[in-house]
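In structure tokens below, several structures.
Two complexes come next, and they have one chain in common, chain A, joined by chain B in the first and chain C in the second.
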Partner chain A sequence: MSGAETREVMIAVERVSKRFGDLVAVSDVSFRLGAGVTALLGPNGAGKSTMLRMLSGLAAPSEGTVRVLGQNPRQDIELRRRIGLVPQQESLFEHMRLREFVRLAADLSGTPNPDTATEQAIGTVGLDPGDRRRLNTYSKGMRQRAKLAYAIVCAPDLLFLDEPLTGLDPTQRNLMIDLFHRIGASGRCVLVSSHVLDEVQRLGTDVLVMGKGRLLAEGDFRRIRDLMDDRPSRFRITTDAPRALAAGLIAEGLAVGVEIHEPSALTVATASAGRFAAAIAPLARDRRASLRELRPLDADLESVFRYLVEGS
Partner chain B sequence: MSDWAGGQQAQIFEGGFRPYTGPRLPSQQSFRSLYTYSLGRLLGRKRRFRSKLIGLASFFVAWIRPVVLIFLATLFSEFGELDFDTVREYYPEAGVVLFCVLATPLLLNTDRSSGLLSLYLASPLSRRRYLNAQASSVFTLLFAMALVPLLALGIVYTAVGSGPGHAGDFVIFCLRSGAGAISLALVPTALAVAICSLVRRAGLAIVVTALCLLVPAGITGLLMVEAGVAVEIGVLDPMRLSQSLAKRSQALPMNDTSGTLDGMATWLVVLANLAWAALLSGVAHWRYGRLEVER
Partner chain C sequence: MSHAALVFRFMFQKLLRGWGRIVVLVVLAALAIVIAVVLRNSADATLPEDGAAFLVWFGLSIVLPFGALLIASEAFSDLRDERTLVYLWLRPMRAWSATAGAAGAALTVVVVLLVVPLIVAGLIVDVDMAAGAFLAAAAYTGVFLAFGMILSRPLLMGLLVLLVWENVIGSLSAATARLTIRSYAASLVVEGGWDVGTPVGRSFAASIAVPLAVGAAGLLLAAWGWRRAEVA
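Showing the complex of A and B:
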């Protein structure tokens, strides 16, 4: 897991499947999550939204169990006030004003001082509580923030966000990601779904990767990359003696493939990234090659994602 | 203002996320919140004029006749006693049908198509409580639509000396009117909510609700008049059953007009109304219990 090995388990999903007629939206998924920010990554149609709906109690799993804070979110109504949901769709409460919209959530969740809570939530997402415009006049980014204010006004212990960064400009995106981290750091569980790798990479390292309804991987994506034994790791080396270094790497059995880019670079494919990293400096010294740059080419989330989802 | 103490440990007072940490009200609060919000929504409160049109049109249709009657009563009361019995069984069936047909899908089907339902159900609001809150808001407005004209007529006719003679009679009249308004509002509300739960699109829900409220009256009336079928066939006509019970609540003599439900036993009318309300309410709750929230 992501988070739950060392932290208290807040979400426990055990062998959950969800079918809609013949369509299997989620298939035999198990994971556990604790406090902090976790990204739920997957292409469109991977089952991310269905999983978030099951975690929110909106949909019942066809098989398996979902436990949130030890309770069944589908049956425990009181639990729902500890969950904040930001759905993907846009056409929400279009004729309402921001304050009215967020205040409704405060009322529904039984906040005794809804005005104060409403102002705090709106201020937190960087909107103006005094804005008199209707939500249908808001930009997409502002609507996303309005939905986030709606979700956090009840101060939930768990926050589920379905593609919350769509439509935000870079500045707003940074603010929102920063806010997610603040909420996660305050002991809450924040699960953010996205299919945009750049977004996910900035959300942190803990990921759940879904594809075609199945959970493909979970945990720190760098560790996931390390676990991909059947796929060589690739490095780019800049050096003044690429041919000598390439010969040394092959002779030592450190490389399963080498591509030389004259005059001063080479790309190395290695079956053991750890052994390669430990041996490259001594080898360069022995071969009198000066190492200028050593850069992993596929240790990023995109490579992990491509490998897991697309198999390439 | 805090004193600045140079060299002491720094503090951040505003971290950007300030969660509410106060106490919570019981989860029944969510029912009241949704009920109040839906009442405002049905009436187009704080919304553009076009959102108010359904409510305005329905209440206009429902209340125009009593307004005219009140006007005439105040104008012509000096020419002699007015016949209160002719107006005390006035129930605004047309307004009830119009409001049921147009407003209920606006509430329930729009929630489903826009995704509001997922937000509601993610709050401490069970499906049963959600449905009850929405149905209660429709019922409340239909109840008010039916009751207010009768009470207004009762007050005006009493003021001009043609209404109930004693305070006790007036109280009984009010209670009977209340019972009649409940009778008139109950089954149409249940019918509209049940259809909206079964039909996804608001437009289709409007058509089906209108057909279910109006067509059985035509068919059962025709069967009674043309084919000589017994009046008990009227139990298949939910709208006229509720009208019949509302009129009976005023305890006026039945005319037994051909093609109407006047000849049906009162116990059967009561039972049929309760059966329809229970059946339709059961259908709506069953459907919402199994509804997949897709958005």
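Showing the complex of A and C:
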């Protein structure tokens, strides 16, 4: 399960595939999710939206099973009360005003005190409940937030967001990411799809990585990186004696490749990041090299993502 | 407010926003009234028989079915095309609530825009159009609502059904006319031995029951389509 193993399973996906004619959109995917924020990462066409649609019950798997809170989201109508979805498409009920739009969701969901819930949901996403304009006048960023208000007005236990940060300015993005974290921290399951690595990194460390319809990896992306034993880890070292340190690393068998950047840096590729990390300080002392900076170059999500997707 | 009522209100407002369609229907309905007035004041026309022939041809064969197609088929297909069906589908609502609400809204629009003017036109030429027009509206609305839910090109398919089924097949013989909605609705309009250019003569009970059954079948089909829909 992505994230803490002790969390209650809220979503269980078992060997799910989805085909559209000859096109395989999702292929043999299994994972489990609990409360908290998880990023669903993958390039366009990876199958993220299809997966979110199956989790919401909007589409039926061709094979395999999807269970949300123990139920089949395709068949259990009452379960829909506990699911909020922000779809990728921009379209809204254009003839409505924001308040009418969000209130419709509250009413259809049987939300208690729908007026209050509507105001709260609209306020939470940073829009004005008193806005009299119709939705067809809204900007892309406002549409994203209107969709989010529609999704959260019934206080769902599961919130699925398909590229929700598209079209938002940096301030709005920060507000939304904070909101996702708040919702996740309140014991709910938040699954956010994105193909933008920077966004995902700010959403947290739990990821599901999809590529070409398959689940390529799941869990903490730093742990995923550690498991990539067949690929050397790279570090950049800033030191006053790069040549001496490079010679020592090769002599000790700690490096499978070294690139010196005169006058004060080198990039090291190592097959064993753990052994390298333990040995670098004593080695520098022995070689009379002063370590000023030691920075992993590919422990970030982008590196993990590229490796997984390019290799898929 | 029930789910069906919420969908009704939503859909009614939405359908009334389709100005292009509304204008076309209002013009057609107004035309029926204008021609009825002309017939009323014509020395050549034999009323009410000529009035009934006109209203069966223009009202029940053209205005009502095509108007119901424009309104009812677009109720769900618009949402599918705009990819906004997700906002309704993902709420905890039974399929029949959604379809009944949408059907009610579409039927209301059809009745207000088309059935009422046809009744008025009928009154002008001494023909009682109320039951026939209303039941035809109910039948066509149910069928075309289902088309909008389950077919990818409901307008085109609806046009084919109206042209091929209702007009061509319905005109072949009295036997094949039994298969058309128009013949049942027309049977409620026509009295005695009037010749209205289309086979009539269905029993009163059948003329009531068949259009209602067709409309109900359309609703069931739409509800089935809602349940099995793969929503984008």
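Simple rule for what comes next: the second predicted complex is superposed on the first by the 309 of 312 C-alpha atoms of A that agree within 3 Å, B and C clash if a C-alpha of one lies under 4 Å from a C-alpha of the other, contacts with A are read in each partner's own complex, and residues count from 1 in each chain.
Going forward, a residue touches a chain if its C-beta (ideal position, glycine included) is under 8 Å from a C-beta of that chain, and two chains touch if they have at least 3 such contacts.
Values in this document were obtained by computation on a predicted structure and should not be read as measured data.
*Asks:* Using the overlay on chain A, decide if chain B and chain C clash or can fit next to each other.
*Replies:* In the arrangement built by aligning on chain A, the partners chain C and chain B clash.
*Asks:* For A:Asp22, is the partner it touches chain B (first), chain C (second), both, or none of the two (neither)?
*Replies:* A:Asp22 contacts neither chain B nor chain C.
*Asks:* Between chain B and chain C, whom does A:Leu179 touch in the aligned arrangement: first, second, both, or neither?
*Replies:* After superposition on chain A, A:Leu179 lies in contact with chain B alone.
*Asks:* Touch check for A:Ile152: first (chain B), second (chain C), both, or neither?
*Replies:* After superposition on chain A, A:Ile152 lies in contact with chain B alone.
*Asks:* Quick one: classify A:Gln120 as touching chain B (first), chain C (second), both or neither.
*Replies:* Once the two structures are laid over each other on A, A:Gln120 reaches chain B alone.
*Asks:* Between chain B (first) and chain C (second), which, if any, makes contact with A:Thr111: first, second, both or neither?
*Replies:* After superposing on A, A:Thr111 lies in contact with chain B but is clear of chain C.
*Asks:* If you count the residues of chain A that each partner touches, which comes out higher, chain B or chain C?
*Replies:* B
*Asks:* For A:Glu262, decide between first (touching chain B), second (touching chain C), both and neither.
*Replies:* neither
*Asks:* Please identify the positions on chain A that touch both chain B and chain C, taking each partner from its own complex.
*Replies:* Of chain A, residues 53, 56-59, 77-78, 80-81, 83, 85, 87, 89, 91-96, 104-105, 107-110, 150 contact chain B in one complex and chain C in the other.
*Asks:* Where on chain C does chain A make contact in their complex?
*Replies:* 1, 3, 6, 10, 13-14, 17, 82-84, 86-94, 230-232
*Asks:* Along chain B, where are the residues that touch chain A in the complex?
*Replies:* Against chain A, chain B makes touches at 15-27, 29-30, 33-34, 37, 46-48, 51, 114-116, 118-126, 129, 292-293, 295.
*Asks:* Considering only the defined contacts, which chain A positions touch chain B in the complex?
*Replies:* 20, 53, 56-59, 77-78, 80-81, 83, 85, 87-89, 91-97, 100, 104-113, 116-117, 120-121, 123-124, 150, 152-155, 178-179, 182-183, 186
*Asks:* Touching residues of chain A toward chain C in the complex: what are they?
*Replies:* Of all residues in chain A, those touching chain C are 53, 56-60, 77-81, 83, 85, 87, 89, 91-96, 104-105, 107-110, 150.
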